[in-house]
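Some structures to go through are shown next.
Shared chain: subunit A. Partners: subunit B in the first complex, subunit C in the second.
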Partner chain A sequence: MLSVVIPIAFTLVALAVALNFWRLLVGPSLPDRILALDTLYVNTIALLVLLGIHLGSALYFEAALLIALMGFVGTVALCKYLLRGDIIE
Partner chain B sequence: MLDNLLAFLILAGAAFTFIGSLGLARLRDFYTRLHGPTKATTLGVGSLLVASAIHFSTRGEGISLHEVLVTLFLFITAPVSAHLLAKAALHLRLASLAPAPEEEAPARQGDASPEER
Partner chain C sequence: MSLGLVVLIPYLGAVLAAWVARFGRLHSAWVAALVAGLALAWLLPHAPTTFAGATVVQRLAWLPAVGLDLAFRLDGLALLFALLILGIGLLIILYARYYLSERDSMGRFYAYLLLFMGAMLGIVLSENLIQLFLFWELTSLASFLLISYWQGREEARNGARMALAVTGAGGLAMLGGFLLLGEIAGSYELSVILASGDAIRAHPLYVPMLVLVLLGALTKSAQFPFHFWLPHAMAAPTPVSAYLHSATMVKAGVFLLARLFPALSGTPEWAWLLILAGGFTLLLGAFFALFKHDLKGLLAYSTISHLGLITLLFGMGTGLAAVAGVFHIINHAIFKAGLFMAAGIIDHECGTRDMRRINGLWKYMPHTATLAMVAAASMAGVPLFNGFLSKEMFFAESVHLSAGLTHGWLLLVAVVLAGVFAVAYSLRFIHDVFFNGEPVDLPRTPHEPPRWMKVPVEVLVALCLLVGILPAVTVEPVLAMAAASVLQGPVPPHDLALWHGFNPALLMSILALAGGLLLYAARKPLFVLADRWQGRLDARALYQRLLQGLFALAGGVTRALDIGSLQRLIALFVASAVLLGAAGFLGGEAPLTGGRALLPVDGVSLLATLGLLAASLGAVALHRRRLAALILTGAVGLVVSLVFIKFSAPDLALTQLSVEVVTVVLLLLALYFLPQRTPAESGLARRGRDALLALAAGGGAAALAWAVLTRPYESIAPYFLAQSVPEGGGRNVVNVILVDFRGFDTLGEITVLALAGLGIYAMLERLQLPGPDRDAEGRPWDWDTHPAIMASLTRLLLPLALLTSVFILLRGHNLPGGGFIAGLVTAVALIMQYLANGAAWTHARLPPNLHPVIGWGLAVATGTGLASWAYDHPFLTSTFGHFDWPLVGEFELASAMVFDLGVYLVVVGSTLLILIYLGLMHGASHVLRPDEEAR
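Right after this comes the complex of A and B.
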């Protein structure tokens, strides 16, 4: 069952990543691009978790946690830059 | 039984992740686009992480708690970043599909009229 489901899930999440890239390239405004980057890192976590289930290895969660931390910091920094014109005042 | 539950969680998670990104790509203005990634994608990734937690907890090597950490962190940070993005968009005065509100809110009865202020 899992061997059937996991390739489908990989395909769906990869399509989601492709859509995010499209929005990142097209996005008419800066917040659109930041939102696309934000969604990209969340989808990367999904891909890593799927890879962990697929390979049966728990090694990938540290990577997922690091990506979650750094992605959030990056989004907040970009939004602060747009809001205040400066990141650390 | 457990296999079916895992398969359902993984499929639902991947489908919700895809729907979230579809919303990001297809909706027409920034404020509606914000809905897809902040709700559907968070639910999808949360479902995938729950599936992973069940998968690694039932292999006989003890309970796996890494996923809970990632899930908690994602569920706390997603609303915060969405709020900041909406604030940035309002600050930049992005065009919205919704009609703009009136410049001056109509005075309620009993309030001072605008001319007297």
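Right after this comes the complex of A and C.
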């Protein structure tokens, strides 16, 4: 079952990643790009978890965890900048 | 090592004196006195041995690999100087306690004074020349601090800088001389050098070595033509002048002459250099002293003159002259310290040191006047006072020397003339200040100073009289002991007595006294003449022209290398890297692609690579829109960490991810104050050139990577992979390398990180910048500073994030993670609270007191390293063991994990310190500043 599902999932997430990159490059507005980066983080987590399931290894999950944490903080910082400019006030 | 302790005690005392000042002004004076007394008590048990003629040498291995020991030597000369330094030092400490006003920091003063005292003791007690040089430089540095004690005054800063420049340059020359001397003698130990005088004098390198060593001695002792720094050093507080210019700083130069006397003296070069320098200094100093209206200026030039006299005596090279030199060192130290203190009292009481205004003080302070007059009489060389005895020995030696010279009478005339001037300026000190009518327009009415302020002067004046009247009983044993160690042999017979019968020396003394009286009587027209010539004869002008030339030269060299354009410098740097890199491959036969089989390419990797390329190119294309470029850079960082994961480097990936977000926050903080768009500054041609350069450099690096990666390559990795578990006790090789195999490097790196954090903090602490009040599109900022949803969410996330970081820290030794990553995660988790909840909210819950965090981190890491010393292992040797706890089961603990905790603390502290203070830089945030919150 997994041998069928995983390639399909990989393909779909990879497609999403490609679309994220597209939005990241063309924008046009800054919120578009920030959202593209944030979604890229989410899709990357999916890729890593899929890879972990595929290889039967838990080694990739910490990286996924850290991306989840750091990606969130990065997005918060960028949004705060758009909102107020001064991010630590 | 009791001699080493004598030197060390003042250094420890300096820290203590500075520290106790917070508990009360006078505490540091007491501590300083106790410290000097303690050093004296530590020294005195050796005195009987030294008086018996023995030399004590104590050594401690310092750098045994290059044959350097910390070696201390106590002989007669060293004991004499140590007694002068500590004895007069104690008097100065007592005097300064009354001299310094309420506004002056006592702790700083006494700390500097003790630093200086330790350095001087180091010079006189050193057995090793290199060690002597180190203390020599320390005296220059400590005297810089002392002279510039009143940092607010420009003349104090200038005087200190000049003293440092002149004595520092001399010290550099002296180091060269010492290295030559050490090579000539085959050892840097004084015991060897002093015993091989003949071999040293016969060596072909004797003359250059002698010139270099004498440059050091003559600059320190303010000898012509390097005398000009000393009068400018008078900007120091008077206790400093009294100490530096009587018994210590300037005496270091003549001490060196005495110390190396058996090894270097007795050649025509030695004689001529010192006789000329000393003779000129003697005469010039005495001449200028008379025409100084400033009380301390008079004493300064008189000091120069007396040092010239001592130098001249050592230059004569005979045993008796050396005895006279040592004797005059003692006498000058005693009367000059007393005179400076008296001058300080007068300055203190009158508010000025101008002798044209200070007159007739006898009526106001008869006690001080009596003391000052006795000391001044001693300076003039009046019989019954100590200065007379050594001066008469000096006259006798001059007569002796001039008999052997073709134009010897010139020397005699110069010497008598200097004597005449010395009597005249001493007379001026007495008559102008204490008599000569009434004071003119003084800022305050003078009266006697506090009782205890006069005690040091009384002690010194009593010594002047005791030595002057009963020399054979009082000073003879000390003099004989010191002279024996100067000569390293029997002391020639000398008779310390007031009356030697009618001889040329007595005639010269009488001539000097009579001439001085006459000269002083005729002073008025001379002063008019001198005022007209004021400023024309000034060695300082030459020094300043020299200094300006040096600055111009340094500026020229800097401008030739650094053209002030970062673009051009980077272009030059990249171009030379490309050229030098490509040059190595010219004419090579090897193909670019090696023989290794290539790995298959999968779809996801291909996509990631394309994404990386697209994001990088996008960042280049959008680089003028800074925020957009920053977002794209974030994507590049993400893909790079994916690449690390793909190629089995999870540690790198975790680090990259954490660094990435810290970088984004850092850049956003800076970007707020910067233009949001980069203006186009360079033309099309220049951009084309830069693009070509960038392509060549990037392509070259890619080709190099390709060439290396396609070849079989034997790295050092297998060694670490094999040794990680047996030697480091950890399965995560990256972490084991960081905290164990290369632990010392890591210690250095976290130290640098801590320094960088503290440095940035120091620069940002009080910086306030205005920020823009509209965003890049010209819209006003949102009114909602901390949106409620974001604030609540991030609060929930904090414990989870901290848990993650603890998890990463603990397992780092065996699985991906470690102190560095965990530290970054903790820092990011806390920064998140600043972003979403604001600085005020966060500071109320977590005071931003990060200095202890950094300090503890360094202490823990260093302490782990030091702990291995307790088990007789080298620094930072690690150990590990397996433990079995009920419920928990078996687990492993390694000492490297404690080290990693230190790394973690430093990373957390430094990262937060930098980010928080960058964030608080904005003027609007400044109400939230932690230092203001504390008030």
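Just so it is clear, the second predicted complex is superposed on the first by the 89 of 89 C-alpha atoms of A that agree within 3 Å, B and C clash if a C-alpha of one lies under 4 Å from a C-alpha of the other, contacts with A are read in each partner's own complex, and residues count from 1 in each chain.
Quick note on the criterion: contacts are C-beta pairs under 8 Å (C-beta built on N, C-alpha and C of every residue); 3 or more make two chains touch, one makes a residue touch a chain.
This is a predicted model, so every value here is computed, not measured.
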item: First (subunit B), second (subunit C), both or neither touched by A:R33; value: second
item: Contacts of A:I87 with subunit B and subunit C, given as first, second, both or neither; value: second
item: Partner chain(s) touched by A:L59 [first = subunit B, second = subunit C, both, neither]; value: second
item: Touched partner set for A:F72, first subunit B, second subunit C, both or neither; value: both
item: First, second, both or neither for A:L19, with subunit B first and subunit C second; value: first
item: On subunit A, positions contacted by subunit B and by subunit C; value: 10, 17, 30, 34, 62, 65, 69, 72, 76, 79-80, 82-83
item: Contacting residues of subunit A [partner subunit B, same complex]; value: 1-2, 4-6, 8-10, 12-13, 15-17, 19-20, 22-23, 29-32, 34-36, 38-39, 42-43, 45-46, 49-50, 52-53, 56, 58, 61-62, 64-65, 68-69, 72, 75-76, 79-80, 82-83
item: Residue numbers on subunit A that touch subunit C, as the complex places them; value: 10-11, 14, 17-18, 21, 24-25, 27, 30, 33-34, 37, 40-41, 44, 47-48, 59-60, 62-63, 65-67, 69-74, 76-89
item: Touching residues on subunit C, where the partner in the complex is subunit A; value: 603-604, 607-608, 610-611, 614-615, 618, 627-628, 631-632, 634-635, 638, 641-642, 645, 650, 653-654, 657-658, 660-661, 664-665, 668-669, 671-672, 771-772, 775, 781-782, 784-785, 787, 790, 794, 797, 800-801, 804, 808, 816-817, 825, 828-829, 831-832, 834-836, 838-839, 915-916, 918-920, 922, 924-925, 928
item: Residues on subunit B engaged by subunit A in the complex (per definition of touch); value: 3-4, 6-7, 10-11, 13-15, 17-18, 20-22, 24-25, 30, 33-34, 36-37, 41-42, 44-45, 48-49, 51-52, 55-56, 59, 64, 66-67, 69-70, 73-74, 77-78, 80-81, 84-85, 87-89, 91-92, 94
